[in-house]
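Labels for the chains are A, B, C and D, by order of writing; each one numbers its residues from 1.
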């Protein structure tokens, strides 16, 4: 099977990463790549790292340009996917890397985004219980956010197994590419290098309802999450430090057993050997996640840490992985497991 | 008053920062500077940034070389301060930047350091209630650890005012200089740049009992702290993200009022205007701390964030500040308030 | 003497650094600080690292607001200084950190800037032969560019002593703050971190005529300079690697002697001991320059390297140093010699 | 054809990169991987980014362990390859990533390395004229050094076409991984971040004779090179800024035509469109090189700039490329063209 694949939003960071991965996917033939303000320019001017496709010219993003492909990846600002997707037939697999179709409750969407809710699509985190079955054969997939991917992989086994109380505390460090390619003063290199800062503190970050939704679903009860993102001086990577109060009688051994069972057969999640802790460098450019977990007996809390590349496993790689699942291809096709380090 | 001041451990990062600050202190005349393996070398070879003292030669660290000064700063590996301090008379003010005399409970020391407890000295965090009175006239001062400084400044007002339950969760990001100048593989630039990683997870970091001690003291009850340090790609700075469950009826307004009262008259702690969050770049090289706080109503938690330079306010600057208090000098003498940014 | 000092362009990187340094200058009382789009805002919002002046409000930059001060620092985009300076009386010392008055030949200005030449002011690099005499008592000073400062300090002794042929090759690495605070896509943290790139290659960078002018003046003949700037992943610092073919018979000993003589009495330039090479970290935040020089006998070239902080010695510190000279104050007043490292 | 491939020095940075690339090479089956002090440990402990081979155990490096493979990659400290290679039969293709067999003149080797010269092997830079013919069918290949790869790609076309005088000036910026994984104080993250520094100045860097050899060979006359390496705050990447005086009558058009001809059919070297300049981020993790060239008419010099990833095109990728050529495989097999950016 050779798939003809289009990518909308190819001038952005997520779009560029999708193109980088698709170049090594043996079943993909790249079709239209599109952008908005960069339409008409060769890709090499906009994404100089994509030497293999430097001469390919960016089309204008539209239902016309994107139509007629087997798969269309949408890497667009939130709120722009619904209209486009509506014009792409059910015969086209649409992978939406935006937030539009991730949330189940319209109230969550409206509170955090301020516009009417467009709907809910199958959720592209194959590692979640039941996710692969829901993705298989789907023609629409909501690709998870980068923070929710990292946090869910760190915490879902504990919640699914009932090890912890339904209140989590998450502090996540992210590289600057998570903010996209938009040009804002606080994202200047001079501001970012040598600095760590907080933003979106106090439950107001838009990924909060998504990770709450994921953990509540596996816990079978409402989970609250105190989520604080921080910006760190690197381009890529998320390290999520997550904790929750353990329920009475839960031991370190039980915690480890639960996580080993969750990830024993997962191709892209590596539970590290005891005593070793995740680092974002180890997963850079790969679709892998590193996870580690321990019990702080003094504080009575389970502490779980995960590391992903926000653009790969956290966006483009996760999208390709879910595309593979949706189409019945081998799940790891075209996806690197090894990080680019040091 | 001109003070004759010695610095032991002048070849390390903390020692170098003490020298940098003392060079601008109007009441200080630098006496002996000492080291161990670098003894006999000119400072300029070991600390090339200290151009003003490049030709001064490092003596061997000993009671002989350090004796006869008005003030001696000890920036030594933990466990080495007690013997030296014992040989320095009470007429000499000893500022210990190591951990040896910070903890009150011998059991804490023995559990985390594995050696007999040397004692407890007045604790050099002037911002803590009662601290200035205890420091004034002291001849021995235990300079706080860098993480405890950041965490205590973020959280003590809330605990002192009884706003939160006695269980805190802290995730702190630190630059690599916090690990000192010892040469370890995981601290190589190639490993650190582009990477965030966890270490000392699960309540095992040695600063845990110190910050627990500080918060328990102001709370008037035993506080547990789940503390996770992370290493981020920058040389200097700590950003501490701290949270605790609020007690019933505590409002955002009450939280803000408590913090404003705590820091209204503090020369080196700046509670940021609402909506602005700390960044480590803003305090680089300065003795200032930035603090911000909010209420996450969904999660029911107070979230407080602080930023300091681990080598300045977190070590050397804090030490000079406490020296000023101990000696009755103006507290801010010789200490920069402005950070070096961008 | 207490000087009342104004700073125009206080919202930019150069303006912020001037404010940081003036805060520690014992003869300076800060008067009006001004900006354009940020006028009306408190400084703390715009320059959060300047904790000591956080509440001071930015005025609109104008001859009215800046009038009546003893000294006015202009840190404005090039081309904006002449009109303002014309409205400030001769009784006010104007320190122009822009390029407007640095070049002697109108043709150079017009070729590189495309507008009519405004004139030439005394050049604020005190280390150049004759510069101090020209600066003393001046009421107008052209503060050098950051690259020309670094390159001139590395190379002028060799050209002044006739050691080398009049053709230099310079490759200089600069941190991103040299590009100012303007928001451009290629200056985003995501683009800059982990990357070194070239720009302004082939003799087209606007600092080229300035450094050519400096070297030609001391050489007493026309010097050509092949100048290539590169952008490196750090916020501050310039490392200039400079070389020129040695004239027959020039030895390593002679080269060293010339440089030792040039810098023996300079307070802010440190010729490193043989075998040690400059690093930008060693001068961060300080007004110091590090210089080293050697002879490559195989290639027949003198190689000189210098390191400065582009915002301090390269702009704001150099400006304060020249202000001190112009006003007859001790040259180093208020200026740090020690870098902030690590 | 499936090749059984061994890697010696698998615990280092070069060895790790070889393993990362081989994992995606469709004709390679990984055999023995070996190390010295890490022998006996699983790869995942030593190279945590190589998730795909985490459980493979490192053997001791020896002729016994490495024998019986179709291809053996040696990523060892210089001076250790000759003895090992001597015990591996001619039927095994040996790719030496060390310096031992790169230099043709024994005097060069002895001067820069101080030990007897081991010999000269076919040189693995396929882009050089005649190189592919020499590599095809070879059973021993000397993989070029990282700096020589970057410099030669930037400058060889100009020298081969006689455009420039035989004296080049090169200043190259390298990430820290070029120094390998050895633990030295100046390579600590705290020292490296935020700093650019020089080293090996004055013609003493060991890569000098290699790049001189390459340029002299294509020029057909002795070329001298003034080479200055600098260390910049990133883990990977080299940017080489190279220049030489142009011969009379050489125009920008002629320079461009020469470079276009040189690289029109090269799969891994991209001559950028006019006006665009190389950046190391664009080639990170890829086997691609970016090259750009211009004429500085004022200075009379051709300026050429190249960017590579020192570990990929500069070492491991170049080695795999040459292995492909030696074995008659498609030259680009298993090698990424796209960089990992941002």
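One rule holds for everything that comes next: a contact is a pair of C-beta atoms (placed from the backbone, for glycine too) under 8 Å apart; a residue touches a chain by one contact, two chains touch by 3 or more.
Labels paired with UniProt names: A, B, C, D = N-acetyl-gamma-glutamyl-phosphate reductase.
Please read these numbers as outputs of a predicted model, since none were measured by experiment.
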| What is the set of chains touching both chain A and chain B? | C, D
| Any idea if chain A and chain D meet via the same residues, over half in common, or different ones? | same
| When the contact pairs of A-B are compared by residue number, which of A-C, C-D or B-D has over half in common? | C-D
| What chain is the most remote from chain D, judged by the mean position of CA atoms in each chain? | B
| request: Could you quickly compare C-D and B-C and let me know which has more C-beta contacts? | output: C-D
| field | Inter-chain centre distance, chain A versus chain C - centres from mean C-alpha coordinates, in Å | value | 45
| said: Counting only Cα atoms for the centres, state how far chain B is from chain C in Å. | reply: 35
| Residues of chain C whose C-beta touches two or more other chains | 13, 177, 181, 188, 190-191, 193-194, 233-236, 279, 281-282, 284, 341-342
| field | Sites on chain C touched by chain B in the complex | value | 13, 16, 19-20, 23-24, 44-45, 47-54, 177, 181, 193-194, 235-236, 270, 272-273, 276, 279, 281-286, 288, 290, 336-342
| query | Quick one: in the complex, what on chain C touches chain D? | reply | 167, 169, 171, 173, 188, 190-191, 193-199, 201-203, 208, 224-228, 230, 232-237, 239, 241, 243, 277-282, 284, 292, 294-301, 303, 305, 307, 341-342
| said: So in the complex, the part of chain C that touches chain A is made up of which residues? | reply: 13, 175-177, 179, 181, 183-185, 187-194, 233-235
